[in-house]
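So the structure is just underneath, and the comments pick up after that.
For reference, chains read A, B, C, D and E in written order, and residue numbers begin at 1 within each chain.
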Amino acid sequence: MAAGSLLYLDNVSVSFDGFRAINKLSMIIKPGEMRAIIGPNGAGKTTMMDIITGKTRPDEGDVIYQGKVDLTKHDEAAIANMGIGRKFQKPTVFESHSVYDNLLLALKQDRRVFPMLFRLPSKDEQTRIDELLALTRLGDLRETVAGSLSHGQKQWLEIGMLLAQDPQLLLIDEPAAGMTDAETEETAKLLKDIAQTHSVVVVEHDMDFIRSLGVRVTVLHEGSVLAEGSLDQVSANQRVVEVYLGR
Amino acid sequence: MTGRATVITLGLILGAAVLVPVLNALPDGSPFKVPTYTVSLFGKYLCYALLALAVDLVWGYCGILSLGHGAFFALGGYAMGMYLMRQIGDRGVYGHPVLPDFMVFLNWKELPWYWYGFDNFAFAMLMVALVPGILAFAFGWFAFRSRVTGVYLSIITQAMTYALLLAFFRNDMGFGGNNGLTDFRDLLGFDLRSDGVRRGLFIASALALALGYIACRFVTTSRLGKVLIAVRDAESRSRFMGYRVEHYKVFVFTLSAVLAGIAGALYVPQVGIINPGEFAPINSIEIVIWVALGGRGYLFGAIFGALAVNIAKSYFTVAFPEIWLFFLGALFVLTTLFLPKGCAGLLSILKFPGLGTGMGFARKKEAGND
Amino acid sequence: QDDTIKIGVLHSLSGTMAISETTLKDTVLMLVDEQNKKGGLLGKKLEAVVVDPASDWPLFAEKARELLEVNKVAAVFGCWTSVSRKSVLPVFEELNGMLFYPVQYEGEESSKNVFYTGAAPNQQAIPAVDYLMSEEGGSVKRFVLAGTDYVYPRTTNKILEQYLLDKGIPAEDIMINYTPFGHSDWQTIVSDIKAFGSAGKKTAVVSTINGDANVPFYKELGNQGIASSDIPVVAFSVGEEELSGIDTGPLVGHLAAWNYFMSAESPVNDEFIEKWQAFIGSEDRVTNDPMEATYIGFNMWVKAVEAAGTTDVDMVRDEMNGITYPNLTGGIAVMNTNHHLTKPVLIGEIQDDGQFQIVWSTPKGVIGDAWTDFLPESKNLVADWTAPISCGNFNITTGKCSGQNY
Amino acid sequence: MLRIPVSLRARPVILAFLALSFLLDLLSATPSRADDFETSVAKLNDQSFTVKEEAVLELVQSGDDRALAILSALQDGELFSHKKQNNVIVFSQEIDGAPHAIDVLTAADLGEHGKRDLKKITINNKLRGALKAALGALRLYSKDPDTRIAAAKAVLANPSPEALPLVVEAIEKEQDDAVREALDMAQAALLLTNGDAEERLAAVGMLSGSMDPDVWQVLGRAAGQEADADLAAAAQAALASIENQKSVYNLLETLFFGVSLGAVLLLAAVGLAITFGVMGVINMAHGEMLMLGAYTTFVVQQLMPNAIEYSLFVAVPAAFIVTGLVGIAIERSIIRLLYGRPLETLLATFGISLFLQQAVRSIFSPLNQPVTTPDWMSGFYAVNGALSLTYNRLYIIVFCILVFLALLAVLKRTPLGLQMRAVTQNRAMASSMGIRTGRVDALTFGLGSGIAGIGGVALSQLTNVGPNLGQAYIVDSFMVVVFGGVGNLWGTLVGALTLGVANKFMEPWTGAVVAKILVLVFIILFIQRRPRGLFALKGRAVES
Amino acid sequence: MLSVDSIDLYYGAAQALRGVSLSAEPGHVTCVLGRNGVGKTSLLRAITGHQPIAKGTIAMDGASIDGMKPYDRARKGIAYVPQGREIFPLLSVRENLETGYACLSSKDRNVPDEVFELFPVLNDMLRRRGGDLSGGQQQQLAIGRAMVTRPKVLVLDEPTEGIQPSIIKDIGRAITFLRDKGDMAIILVEQYFDFAKELADKFIVLDRGEVVASGGQKELAETDVRRHLTV
């Protein structure tokens, strides 16, 4: 079952002082797949990402990566180095670093202590960062301290950082939040070309956005899968309408 | 971007390293003569400055508020002290060939194993770096791996130095109890009391400080330095980015401890005594105070703070022996109120914009101006 | 400028030791005052240079050097703890200064440049236990040696332990107990003492507990109802000044051994007390042993300077040997050639007015012994700063004098 | 047989006199003559304590009614010789406001006397012992049972042959069982030292199993005796069985010690749990707040020297107000400007602490100040000889609990408490919810400081009241708060108790110094296990 | 009625608002639109008193509130639902709501029922710590918390951010409901154009800190408004 899958959640559960946030959740992400996850507030989407990225340890269940590694046995750094990158729901950047340095630190590189101590900036790193700055439209803020960015600017910066990491699997929690509709479309486009070469799991509440992605959708509810399929399929599902879309 | 600060700082240190000894060498009565008293006094300050530098490295750049750095300083000092003790040889008051006086009159029979080798200068100097280094490494390894952060870390570092304080107070420990190690004679065969050696020690301290500064500078401006600041601001975020936070912390913590140890080693022959008082929690707090006053997150700020506070202290204790604490207390309060980011902060705003770690520019949740 | 003679005052005015040392600073100032009223010294005014080493031991060394090198003082009166003395010692020996050290200490030292006007162990500890073992002292058979864990108590207790064993007290009747500096929770130890004392033999506590730890210790004694008639405590570091910080009601009858008590009946003492209280401007301020030690030291120095006709350290030092001056208890203090004083030893019982009532005293003065006879290594050592020996630690067996610091 | 006239029942002293004369009939001592008595009294003024002791015994035996009064006066140090009037022995007595000297022999008023006219007749410990015994014997007939018990115990403590017949007699006519028991014990003790072989053995049987330290003394002496082997054996056996019982109580005692130490730590730390734990101010001046509280106690006692018994009830609110106001002043003038810069508060408050230390040094002198312990707080409640609980500790434990509960109520039950927590968690947002952040900050810091002040009142009962008081407690306070888990009052409570008890249980094994070291090591290791303290807050809420 | 009159706002040297004006009347929803970083939040921070203004004036019912502390403004009836929610993480949901009592006289210190009617999830989680809630739950709590203060002016910064569609509808209803009660002026910052269009009685569009367009409901429909919002 796990074979051939990139990420395999095998009935994972976690509860916080009594409250079951994730309940026997199972899910498979195939290599190169982009998957949209929707679901009511509090369904457990972010918690799921916490579990995958090693922030939260599940009470039971395994999270198998690339059919072999059990992520629940590793810590955040290790998991990140396996090629799993994440954008947080609440944008978090290094506030006292410039936009530029934020991206520089995010770049894929040997993250061990001594290599970092002696590494010098290289030409292609430069160019890569410039690309990213252009892409996220932060070009003229490159020397600004990230702490003084607006909410949406932080969103963009964090997306940029995620791309800089160039992970195999991207976990993106509510990228469109706090973006104008136009920017939201941009983001959708962006994610689609990323998906050419990467696997992506994206959480959103913006249905237009989800639609424009046009990918398989999983609906979480009370910590487990409520429905799965194309957006039209799940939107047709009565329960989904009831608990999530509303009338 | 801060090349200027570096050049100026190094210039001043090295200038002093040359000038002070030369002026001290002048014949008595010459108007420019710097008395030996001043030489060893400033030699002492330079050691404090190096110590402050070490603290700023972990606190200012990696957000580790260590309230136990006095311990590393003291351990380096004790390593040096033990060497100097052994140098006394049979010139102790009881004329015992091997045992230091305090062991003799507590009628110890032979040298404890951990005193072996300290008659050898090279070995002793190795220990000056190794002992604090290893302690810091072990301590840091466990603490950072179990993700002890913030005040919790501060407090256990304080507990560490406090425990060492009590331990070293005990005569049975074999380090001279609270009288510590004193009555030193000579270093590498040179008489510690000669002005020559004093100048030598001063120069050594200045060079150590300069090298320490360069080292810290290299670390903080390297890409690793950026990671440290990232860790300071958003530890867990840097984890999710794949940085092994604990390794980075252990690295700087150990490096900083070694610097502190070296400072201690240079300090001891200049003040002529090392005793458990150096482990007192309050001392470690004072070091932090120097850094805070000088400007946390600015290397030259740390140096400035150490010098400023200690010069002020030396002056006040003579000028106003009865009430000098008022002045020192006021100095601290006023600094926090009028120089939010320490003296260096002021300089950086005036002269070197964008200098240091950009701390406090960040938009803070607390910053609501109510 | 040259019409004044400077003397240094090196006592902590802040930090943990300020409690004890500030008084000595004031004492020196008073003595200087008086001397100047008497027309100064060698026709010059005395000028006291006060600095604050702030209970910070390396700072003591720094300040000592400053006093000697920068202020060129003729003599220094200072230090309380042994560690502060150890810290300044090399400085005084290097710069050939002159230090008067006014506090009882563990001995095992005699420096050319220091005059020890406080008690050596044989001038305090030994007589005290002698008294306890005497019929009059209650013929004590069991001893608790309780002390703060540092050199002075450790050494003193080592000496006492040896002494008691020599006196035929079995080891199991000696309980030794150490506590950290400023120890404040004495419940366990006091109840241990209580238990130790309830084993049939008359028991006493010999306390080398230092400074701040005493108040909570005595309060606990009082609260656990250990009366002096059951288990007397004889202390070496508790004087009138320490008592002034305690409600002595419950402590009546506990003992202290010193070379001076404020209650000593002598005209000089009454005069001294009046001068002191006038100087400090308070009827309630007490006098104590280190003050007398300072008083003796100061006046001996004055006398020696007058005799030498100069403040030159070497010449004054020679005059100091064998110099005498009336102490405050009606006897004569002698500065012996080992730089320690000859003083009477007094035992006092605490009274409810915070004073000591002298219940015993040595018939005549005891000569301070720099090197105790009760430790194997130091019993062969003698200090004598006059020719031919002129050495602080002359070994009578080898006939050698090991390393001096100058 | 001895008839006590009803008219005299109300006057124990006289009864005691009767007892005294009665004792002497029994002893059939040589009929005493007045001049002997006077010479004996005169001997009290002798230099040598041996002579004085003779005098005391003579007085006891003189059978003279005046003896008891004189001896008690001697014991209480209220007996003087009159320098001005060729050293006659006198009491000093207030007669219409002026001190008058009263001749102890003639009871004649020798008129007013100045402070220096009288010289106290001194005693030493040995003499105290003797006096206790003598007076003990003389008081065996007191009307008040407690006094009689005390008397019996006194006899027991220093058994002297003369007392034996008296005790025997007393036992016969004693009605009160408690007193009878005490007397039996006393008799046993006397027999053990003065009786013949089997009387002694019997005595041992009688005494074994007692929980009275004085009895252990007596048995101990018997056990140490070479002369009578099997007696020694018996005594040792008795002591052994007592030892077993003791060990149990010792455990309880240690626990009590631990809890009381914990209570002290808590009182010292709880203020910091507010200023640091809740507000996040790294409050280096906390120790000085304790100090101010202690000094307030001292001042209060100076102001009401004749009502020391009640002084603490004034001191507690006074200390709360004084330190509270100081706290508010500090907050408004300095801390206020440092929110969102917690680390700067370290520097500022450190400066403040230096400032306050020097302030008290300059105002009150660097010396410690004497703070008196009210009688109701001194002494102890003896469960038995092995376990006695000192009152001051008991009260401090109770007091500590009250303070803690009060604080808990304020924080958890009042709107102010809620606002305090809101402000410290998100100042800007709290302000937008209409909370007067400035006012709340000031009140919170004031509360923390005030509580610290109250802690200081408690400390003043245990330790030095001096400029260093604060320094002595600041480190421990931070340890407790952090160990317990910052921002969690219960954590502070449990933390304090844990550290206290741990310390006290280790101390007997390792000695005080090593015990303290071990506690510190324990803290270090423990924090490895629980990096956010004992009562760690978990979950997202903390990270955000 | 709240009126903002041509205000400037700076962060250090950087100017974030240039002569911005707007007015909000009871019973009306005033919408503030604009791309990222154009100054919307800054405007609200100025209104709520978290950021000082350099020029211009802000008045409530005619009286200027410049220089007033945020808490005084809150007591005057300005309630703030900030971007990023700013929940009190360690306070329980109930306590978070009760912080609003500070503005109220003790007699009407209660949580209005409509809060729980609009956001039932809050009722289920009264005991949970605010910081533990999911993003969307926090958003609902933030709005509920503001309603507790019975505001005259309700200031919302992107309230739909991170909210599930059904609840967005609820919030929409909530806002309509509050508007229709007629005693409350509502200022709404939105990026979600359709949502804004639904509710807005009038609007302004910001760009680089300046008002580049404003008008009533119908103008909003026009495409040139969208132009300002596209990249």
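Observations
The rule we apply is simple: a residue touches a chain if its C-beta (ideal position, glycine included) is under 8 Å from a C-beta of that chain, and two chains touch if they have at least 3 such contacts.
Here the structure is a predicted model, which means the values were calculated and not measured.
Set side by side, B-C and D-E show the greater C-beta contact count at B-C.
Greatest centre-to-centre distance from subunit A is found for C, with centres as Cα means. Closest to the middle of the protein, by Cα centroid, lies chain B. Remark: subunit D and subunit E have CA centroids separated by 63 Å (rounded to whole angstrom).
Mean C-alpha positions place subunit B and subunit E at a centre distance of 52 Å. Look at where the CA atoms of subunit A average out and do the same for subunit E: the two points lie 29 Å apart. Inter-chain spacing, taken between the CA centroids of subunit A and subunit D, is 66 Å. Looking at subunit E, residues 49-50, 69-71, 86, 132 sit in touch with two or more other chains.
Residue numbers of subunit C whose C-beta contacts span two or more other chains: 13-14, 149, 178, 180. Residues of subunit B in contact with at least two other chains: 166, 169-170, 236, 322, 325, 360, 364-365, 368, 370.
Against subunit E, the residues of subunit D that register as touching in their complex are 415, 418-419, 421-422, 425-426, 428-438, 487, 537, 539-544. Interface residues of subunit D, counted against subunit B in their complex, comprise 282, 284, 334, 337-341, 343-348, 350-355, 357-359, 361-362, 426-429, 431-432, 437-438, 471, 475, 478-479, 482-483, 486, 513, 516-517, 520-521, 523-524, 527-529, 531-533, 543.
By the touch criterion given at the top, residues 49-50, 77, 120, 122, 124-126, 128-129, 132, 213, 216-224, 246, 253-254, 257, 260-261, 264, 357-358, 361, 365-373, 378-380, 385, 388, 390-393, 461-468, 471-472, 503-504, 507-508, 511-513, 516 of subunit D touch subunit C in their complex.
Note for the complex: subunit A touches subunit E at residues 16, 19, 38-43, 46, 89-90, 137, 148-153, 155-156, 174, 177-183, 186, 205-207, 243-247. Listed in rising order, the residues of subunit E touching subunit D in the complex are 48-50, 69-71, 73-75, 79-80, 82, 86-91, 95, 98-103, 129-132, 145, 149.
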